[in-house]
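Each of the next two complexes has subunit A plus one more chain, namely subunit B in the first and subunit C in the second.
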Partner chain A sequence: MNFQPLWRYQDQLIEGVLITLALTLVAAIVGLVIGVAGAVALRGNFRPARMLVRSYIELFRNTPSLIQIFLIFFVLPSFGLKLPAFESAAVALSLYFGAYSVEIVRAGLDSIPKSQIEAGQCLGLTGWQVFRHIVLPPAMRNVYPAFTSQFVLLLLGTSLASQVAAGELFHVASFIESRTYRSFEVYAAICVIYFALVMAFKALFAVIDATAFRWPRRQ
Partner chain B sequence: MALVEIRDVYKKFGHVEVLKGVSLDVAEGEIVTIIGRSGSGKSTLLRCINALETIEGGEIRVEGRQIHAKMPDLRQFRQRVGIVFQAFNLFPHLNVERNVTLAPLLTGGIGKAEARALAEDVLTRVGLADKIDAWPEQLSGGQQQRVAIARCLAMKPHLMLFDEVTSALDPELVGEVLKVMEAMARQGMTMILVTHEMGFARNVANRIVFMHQGRVWEEGPPAELFAHPKTPELKSFIASVK
Partner chain C sequence: MRSFAFVDLVSLVTAVQWTVLLVVLALVFGAPLGLALATARISRHAPLRWAASGIIQLIQGVPLLGLLFFFYFGMPVFLGLQVPALIAVTVAYTLYTAGFLGDIWRGSLQAVKQAQWEAGACLGLSLTQQFFHIIGPQALRMATPPTVGFLVQLIKGTSLASIVGFVELARAGQVTSAATFQPLLTYSVVAAIYFALCLPLTLWSRSLEARLNGAR
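Moving on, here comes the complex of A and B:
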């Protein structure tokens, strides 16, 4: 076992980590926006919108995300839309994470009793104000654990973007392996890096949990 | 002109007719208590007054204006009608001050500093000034219900609706809520209550309305109504709640 040859590739590894983080954060933020919008559509009265969101969810949750990335990277260009590797992966992972987020956010919104909404309406608030100030905060708290574990899956899933050479951590590892032939050392090293990243996010999520959701839980 | 005019109101849930031609007037400053067995339509009638339920027939007017769920200034109307629910319905993620001031801040164009003063004022009126920074979860049922009343008072309502507000409370906590309501009554607030508290109905209300099978069965001043019920239904109801 010899980790020495890996040190030369420090810069590439750091860049790989940064691209992994960028992919994760972009997909998480865009996916969460999709999640809230999709969940609102699912609970709304407009049937075509509900059917559209439902099909989207089924499509993206029941197919391999690797193929989703491939389709966007290899197939869209034949329709005249050519995206670089990182952008392709970002779009695919956003849609993938969005599909799961819709269901998570919907479960959260469903967990808020109708009486809370009525109480807001009776105070003369608009539909948006009721949603933003009365429904959304406790809803997000209720599904926060589900959201964070989905986030971890997303972070680990960014390794699939290596297959279109998006330059993230796993892609860098393959590159180093092809130069050094140190398979075990390289993959052991990035395994530790992925693990450390997840642990760091878990710590961050705990801090967010403690600051954003300060009200006592219902007994 | 009465503050609230209810004319021949019909309401169905699916195939079940809950209100079958209810008419009722409530004058400014009057305190009207609606009593009756469960399922008689009391709460539904109350919820129709601020358009939480849509009615199938008849009309409801408040301050002369017809009330329905699609009226363009429904929100402005609701800001002037306070409703207190059986289950308090405080917002668990907001502390007492924010519960009370959320709507005034969002709708009334008041600032943060004024909001604090407003919260102190209305919480003092319900005897909970010291709980301004507490979370709803940390309060007893009676305290939560008083915060819910304070939340309505912060909107400076012209009319207050109370939907069985003491029914979910432990017996020893009922009194503190009723005391707050009595004080509001003394200050001239127009109030419509659905309640099972016959003592309160007898002592504070100007008029009792007995509902039965979706209709106003009998109404009158409390002393008279309780002493000389005209219908057998009211007689048996009074006997059952004694």
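Moving on, here comes the complex of A and C:
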């Protein structure tokens, strides 16, 4: 066991981590926007929109993320839309994360009893005020745990982008391995880096949880 | 170059058996290990709890691809011996399954009220009897929907075995795509096959969950 040769690739590793983080954040933000839009459409009265969102969710949740990345990377060029590796992976992961986000956001909105919304309306609040002050805060607290664990899965899932050479952490690992032939050390080190990233995000999420959602829970 | 023919469809469908084999192996070895982790996680001995929790955190904090590469490329070099591909891949999927099922089942076991254990003790049942006759059946009901949900995750996860060169459904798709230059058609068929495998399980998991919530 010799981790020494890995140190030469410090810069590549740091860049890989940054690209992994960028990929994760882009997919998380775009996915969350998709999630909110999808959840609103699911609660709406427009039937075709509901069916569209439902099929989108089932389609993306029941096929492997890897195949989705391949489809977007290898297939879009034949329609004249050639996306670079990072962009392809970002689109694929956003759509994948979005499909899970719709369900998470919908569950959060559904967790607010109807009587609370009616109570808000009785107090003379407008539709927006009811949403902003009565639905949103508890809904956000309810979806927070599901969202954070899905975020961690997304962070780990970005490793699949290495298969289209998106330059993220796992791709860097394969590159170092091809140069040093130290497969044991390289993949052990890469797993440790991913683990450290996950732990850092979990700690951050715990801090946010403790500060943003402090009001008491109803038993 | 040739176009996508019936024979390609046949080769994709036959590749499903390897996907299924991986899932079965992962469950056969991973489920008992997961159960062991889950019970260790609720043990009254603190070191056991810490160890189990550490293992679960570690497995869930590392990409599945990392596990696969570590056991497929890394471990044989470290051990200095040839490890057959199937064994290396099975080890990775077993750990992955154990880590996630262990956490799911821990949650189900903890969701059974503490008083149920105490009631069992009052009736003079041993700890094992309490576990198998009182806590287990109740936890099982709660554990089924998320376990089936994880099964979908596992089926999709087996596609990663293609990356280390294991010929299952996703790998067969890559080969076919390269031979026919028809990635759209090939990957759509591959996606459709995965979809056909996963959707019934997703729907089943959802109906189980609905029934569970209705019962309470």
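Details
Here is the rule we use: the second predicted complex is superposed on the first by the 219 of 219 C-alpha atoms of A that agree within 3 Å, B and C clash if a C-alpha of one lies under 4 Å from a C-alpha of the other, contacts with A are read in each partner's own complex, and residues count from 1 in each chain.
Going forward, a residue touches a chain if its C-beta (ideal position, glycine included) is under 8 Å from a C-beta of that chain, and two chains touch if they have at least 3 such contacts.
Keep in mind it's a predicted model, so treat the numbers as computed, not measured.
Of the two partner chains placed by the overlay, only subunit C lies in contact with A:Gln163; subunit B stays clear of it.
By the touch criterion defined above, A:Ala22 reaches neither subunit B nor subunit C.
Shared-chain residue A:Phe74: touches subunit C; no touch with subunit B.
Shared-chain residue A:Ala107: touches no atom of subunit B or subunit C.
In the superposition on chain A, contact of A:Ala37 is made with neither subunit B nor subunit C.
In the overlay built on the shared chain, the residue A:Cys191 is in contact with subunit C alone; subunit B does not reach it.
In the superposition on chain A, A:Ala49 makes contact with neither subunit B nor subunit C.
Annotation for subunit A, partner touching more residues between subunit B and subunit C: C.
Chain contact summary for the complex, subunit A toward subunit B: residues 115-116, 118-126, 129, 133-134, 137-138, 141, 213, 215-219.
By the touch criterion given at the top, residues 1, 58-59, 61-68, 70-71, 74-75, 78, 152, 156-157, 159-160, 162-163, 170, 173, 177, 182-188, 190-191, 194-195, 198-199 of subunit A touch subunit C in their complex. Per the touch definition, subunit B reaches subunit A in the complex via residues 50, 52, 75-79, 81-83, 85, 87, 89-95, 102-103, 106-107, 135, 137-138, 151, 155. Subunit C contributes residues 57-58, 60-67, 69-70, 73-75, 77-78, 152, 156-157, 159-160, 162-163, 170, 173-174, 177, 183-184, 187-188, 190-191, 194-195, 198-199, 202 to its touches with subunit A in the complex.
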